[in-house]
Amino acid sequence: TLRLAVTTSFHNSGLSDVLLPAIQRDTGIEVQLLVVGTGQAIRLGEAGDVDAVLVHSRKAEEAFVEGGFGTHRREIMYNDFVFVGPSLDPADIANAGDAVTALKRIAQTKAPFVSRGDDSGTHKKELSLWAAAELAPEQSGRWYNAVGAGMGASLNTASGLEAYIMADRASWLNFGNKQDLELLFSGDPALFNQYAFIPVNSARHAHVKSDAVMRLETWLTSPVARELINGYKIAGEPLFTFNATP
Amino acid sequence: MVKHPMSVELEQAIITRRGTQLLGPIDLSLSGTGFTIVLGPNGAGKTSLLKVLHGVTRLSSGRVRWSVPDKEAREAQAYVFQKPIMLRRSVRQNLAFPLQLLNFPKAEIAERVTHWSGRIGLEDALNRPATRLSGGEQQKLALARALIREPQVLFLDEPCANLDGRSTLEIEKLLLAASTAGTRIIMTTHDLGQARRLASDVVFLLNGKVREQATAQDFFSAQQTEEAQAFLNGDIIE
Amino acid sequence: MVKHPMSVELEQAIITRRGTQLLGPIDLSLSGTGFTIVLGPNGAGKTSLLKVLHGVTRLSSGRVRWSVPDKEAREAQAYVFQKPIMLRRSVRQNLAFPLQLLNFPKAEIAERVTHWSGRIGLEDALNRPATRLSGGEQQKLALARALIREPQVLFLDEPCANLDGRSTLEIEKLLLAASTAGTRIIMTTHDLGQARRLASDVVFLLNGKVREQATAQDFFSAQQTEEAQAFLNGDIIE
Amino acid sequence: MNEIWAGIQAAFRLIVTLDPDLVQITLRSLQVSLSALVIASAIALPLGTWLAIRRFRFRRLTIATLNALMGLPPVVVGLIVYLLLSRSGPFGVLGLLFTPTAMIIAQVIIITPLIASITHQAMRELWAEYHDLLISLNTTKRQRIWTLIRDGRRTLLTAALAGFGRAIGEVGAIMIVGGNIDNATRVLTTAIALETGKGDFTLALGLGFVLIALALLVNFAIHALSRTEREGRW
Amino acid sequence: MNEIWAGIQAAFRLIVTLDPDLVQITLRSLQVSLSALVIASAIALPLGTWLAIRRFRFRRLTIATLNALMGLPPVVVGLIVYLLLSRSGPFGVLGLLFTPTAMIIAQVIIITPLIASITHQAMRELWAEYHDLLISLNTTKRQRIWTLIRDGRRTLLTAALAGFGRAIGEVGAIMIVGGNIDNATRVLTTAIALETGKGDFTLALGLGFVLIALALLVNFAIHALSRTEREGRW
């Protein structure tokens, strides 16, 4: 058995339910998923409590490898972020040209916006977009709600508040409590979300099962994985794009 | 204070606990006035009988019937338990409690508390926790707490068991005065001398049943049953 | 059973509670044998004195000194409290308890339990919860539970207060027999007749102090203090 | 182990510098938990006492149910309160979701069974002691309940403190109904959960120790108060 | 409201079809909580009783602290246990992290103060009643504690049930130390948290009602057992 720390957004997509049985079948490895926030995932890797991590926060990943906690970073696939909001769309972001414009409109109308506020990959992406829009919403009042929670909990809050929120597509499609929320904006390349696999360094933590991790990595980058990842759909929509270089 | 004498009747009264019958069947009628002493060896059912009459223990079958409506009957009664029950409060608050329940005005309460604490010699102990009093002091307090309501019917379950000689005599005087003034008193005691001094009539219990009911004079001079004779001679152990 | 008589001495014994002194200062010495009766009105401090001698109440100042090492002294004593303390168990388990603590063999325990339940007339009640016994039955059970250990020193705090005449006489016989066999008995009572029947010597307490200590003969025939005279005449209320 | 030590240091730093954010969420924690405690006690103390003195047909069943409700999972309570208060729920118009009021409601539901159960248990003994006297004095139900609560108040302290403990440390329910919104509904426990998710264990532990210190403080204060009230046992 | 109703239906469906996943996580919930309960009781019942009978210098302080520990935030307990059991922590070599054992450890820490506090409170009265007799009979400390626990066992039931309730409904700590790993450490509460995160309220509520039903079942069973043991009060 192998322990792999993944982020909530990955797990919420449901892709793991497809991949794990296939991995077990092909390689004989039983993968145990620890579904946690990005920061916590990295932290688990540093402590050697998991054998590998699969996350989506490039800076944190690179720091992790540089710190000698991980052996290397291997890109596997990407999906994208979407903007979700009340179906009435008071800020009219559905017709925005790009993500930055969408955010500017939300800020202008002061329509309620929910931010993960938890330093996760998704949150960091959102912050970088605000920065690109040259806005500092944390200081700008009550419409901006930093909820400090996981993707699902934040979506629950957003549907309770009828607020805008940035989510990853997988979490959104799998989310059951949509109420009045709708997917309003997506497609800007700035919203792409790269997932990478990082084995924990066995030089640091001798108990890490590097053999199995290696086999897992090989499998994740194999054509079988490509088929499964690209072929995974919810409601007819593909969620992930495989982009590992073999 | 006394409006009209209350009388009570028991009809086929039975108490059963875990399949065994601890009291009855008892048919008993206590008329409107007087000082009834309930006698009998340990475990005869004296306490059970008093509690049934007062209504703190329910009958398993049979009936208790007071001559006035139940609510009125209950309000007119007071009971002094064999093991004094002390509220976890000061002596003063214990005395005041029954009056507070009846919404007496504060001044009246204070006055009666002072009066009764004096009569039982606890005027200096008013602010002490009642649960810390000596055995005899607790018994006196329980008695005063019952009398402070000026009940028409008074149940006393061995009220002098832990009292010294002098206190016993004081209490007996008090009780006789109350009885003369019309309070109906129903009391148990193991002190036969006390029974002779106080009783106007006697109920003699044995094994949960009434074996004899008679005026005090008749009972102490000419018992009808052998058991009662044996009891008065100190021969009955069960 | 009895190895050697144990005696006890109190030196300047004082108990203070919330600033007021309820006992003492007392200097008292109880010699190795006999039947000591502690007399005194309610609240005089009889219970407190017994508890101090036995060691369940600590002195605020002063000392209790037994003639044997403390541990040995404690093991040889038993106490019957004024308000019987019933374990929330069956009568049988109450009787067995002190023996179980001493790791007696089961057969021995069963035998003694049968013996003592018979002597107090509770052989049919062995499986009933002790807390449900009548007042007198509880007192007898507490007494049997103390005697079942065959103590060398026995403290009794008004052990017959709730007993009927016959039981009282039975218990007195039992106690006299034990005393004759060498058990040191220290007992309080409000029944002066009982005191006369049993006492070999008397300690008379008043307001927390020893007012008189004498042989029974001396005490009942020629009291030295006025207070003791008044007490025996039933004149002392406090 | 180093992290635990670092956490203690972080707690010290937070307290010593009187970090304004910390002060705010600490006060909010206190406000929410104490409000919930007061409301829950007002319900649970009489209820538990009433259960101790009443004999009715389904008494044992009721008590077993009450005991079982001590195991109400906070997340489920949170969900149900969320559904009731959400815009599309029956009480949506009140606009209570994601406010401290919603958090108080959820906590009241969680701690009331706990306080009532402990109260019931504590009051049974006192009722057994007082039973004959209170029946004899012809008291009303209300008078009986009040007398028991008054004279048993010292033993009820544990019930209230258990309720407070559960409330102050609870996170599952208030996360859902409060939303952990910065400057609005963030309290110590939700902040701790947040920092844990971020992997900032030092800060999480620091906040945790602040919370524990707070609980200690409240308990000492209550004990001190109940002590000065009157010395000794009654 | 519809969601709540749908949740009840979902619970029925889950139970009636005996969903194998459900059976597995339910049994694991029971196993973890009952193990924690047994261990915590073995510590807390004697401890609480001991505190009730011992007079020592810092007794009040100790009791106030114990009461305060009822407020230990589960997330913090989870963190600390995590740090201790982590590979880089002092007990890392045991490899206990993300196992049911770790979850049991965390729950024991959380419920022990609760059980001990309630025990202490319940035992104080009984000790006041038995004090003179047990001192007079020259009992050892151990005998006193044992006698009180034995004769007070009915009142201790509430303490144990409160502990069980807290354990079975707890999620914060076991999420961190257990990891909510499918087929390994997932229990009812963590599954509920997971479904809540997915916004699948129907399933979350369904699982929640299963959990509540489980708590009811355990409570009824324990009440029934303690009833058959002996009728009436002692």
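Residue numbering begins at 1 within each chain, and the chains themselves are lettered A, B, C, D and E in the order written.
Just so we're on the same page, contacts are C-beta pairs under 8 Å (C-beta built on N, C-alpha and C of every residue); 3 or more make two chains touch, one makes a residue touch a chain.
None of the values given here were measured: they were computed from a predicted structure.
Engineer: Give the chains in contact with both chain A and chain E, ordered by label.
Structural biologist: Neighbours common to chain A and chain E are D.
Engineer: Give me the chains shared as neighbours by chain A and chain B.
Structural biologist: Under the touch definition, chain A and chain B have D as mutual neighbours.
Engineer: With centres defined as the mean of C-alpha atoms, identify the chain lying farthest from chain B.
Structural biologist: Farthest by centroid: A.
Engineer: Please state which pair of chains has more C-beta contact pairs than any other pair.
Structural biologist: Among the chain pairs, D-E has the highest number of C-beta contacts.
Engineer: Where the centres are mean C-alpha positions, what is the separation of chain A from chain D, in Å?
Structural biologist: One centre to the other, that is 36 Å.
Engineer: Between chain C and chain D, what is the separation of their C-alpha centroids in Å?
Structural biologist: Using C-alpha averages as centres, the distance is 49 Å.
Engineer: Two or more other chains in contact with one residue: find those residues in chain B.
Structural biologist: As it turns out, chain B has residues touching two or more other chains at 18.
Engineer: Give me the residues of chain E that touch two or more other chains.
Structural biologist: Residues 89, 196, 201, 232-233.
Engineer: Of all the residues in chain A, which ones touch at least 2 other chains?
Structural biologist: Counting only residues that touch two or more other chains, chain A contributes 36, 150, 153, 156, 159.
Engineer: Using the contact rule from the top, write out all pairs of chains that touch.
Structural biologist: A-D, A-E, B-C, B-D, C-E, D-E
Engineer: For chain D, which residues are in contact with chain B within the complex?
Structural biologist: Residues of chain D touching chain B: 129-133, 135-139, 143, 147, 151, 232-234.
Engineer: Taking the touch rule as given, give the residues of chain E at its contact with chain A in the complex, in rising order.
Structural biologist: 86-89, 92, 95, 97-98, 179-184, 194, 196-202
Engineer: For chain A, which residues are in contact with chain E within the complex?
Structural biologist: Going by the criterion above, the answer is residues 3, 8, 12, 32-36, 46-49, 150-153, 155-156, 159, 174-178, 205, 207.
Engineer: In the complex of these two chains, what residues of chain E are touching chain D?
Structural biologist: 1, 3-4, 60-61, 63-65, 67-76, 78-80, 83-84, 89-90, 113-114, 117-118, 120-122, 124-126, 128, 155, 157-158, 161-162, 164-166, 168-169, 171-172, 176, 188-189, 192-193, 196, 201, 204-205, 208-209, 211-212, 215-216, 218-220, 223, 227, 233
Engineer: For the complex, give me every residue of chain C touching chain B.
Structural biologist: Per the stated touch rule, the residues are 17, 40-43, 47, 82-83, 121, 128, 132-137, 140, 157-158, 161-170, 190, 192, 231, 234-238.
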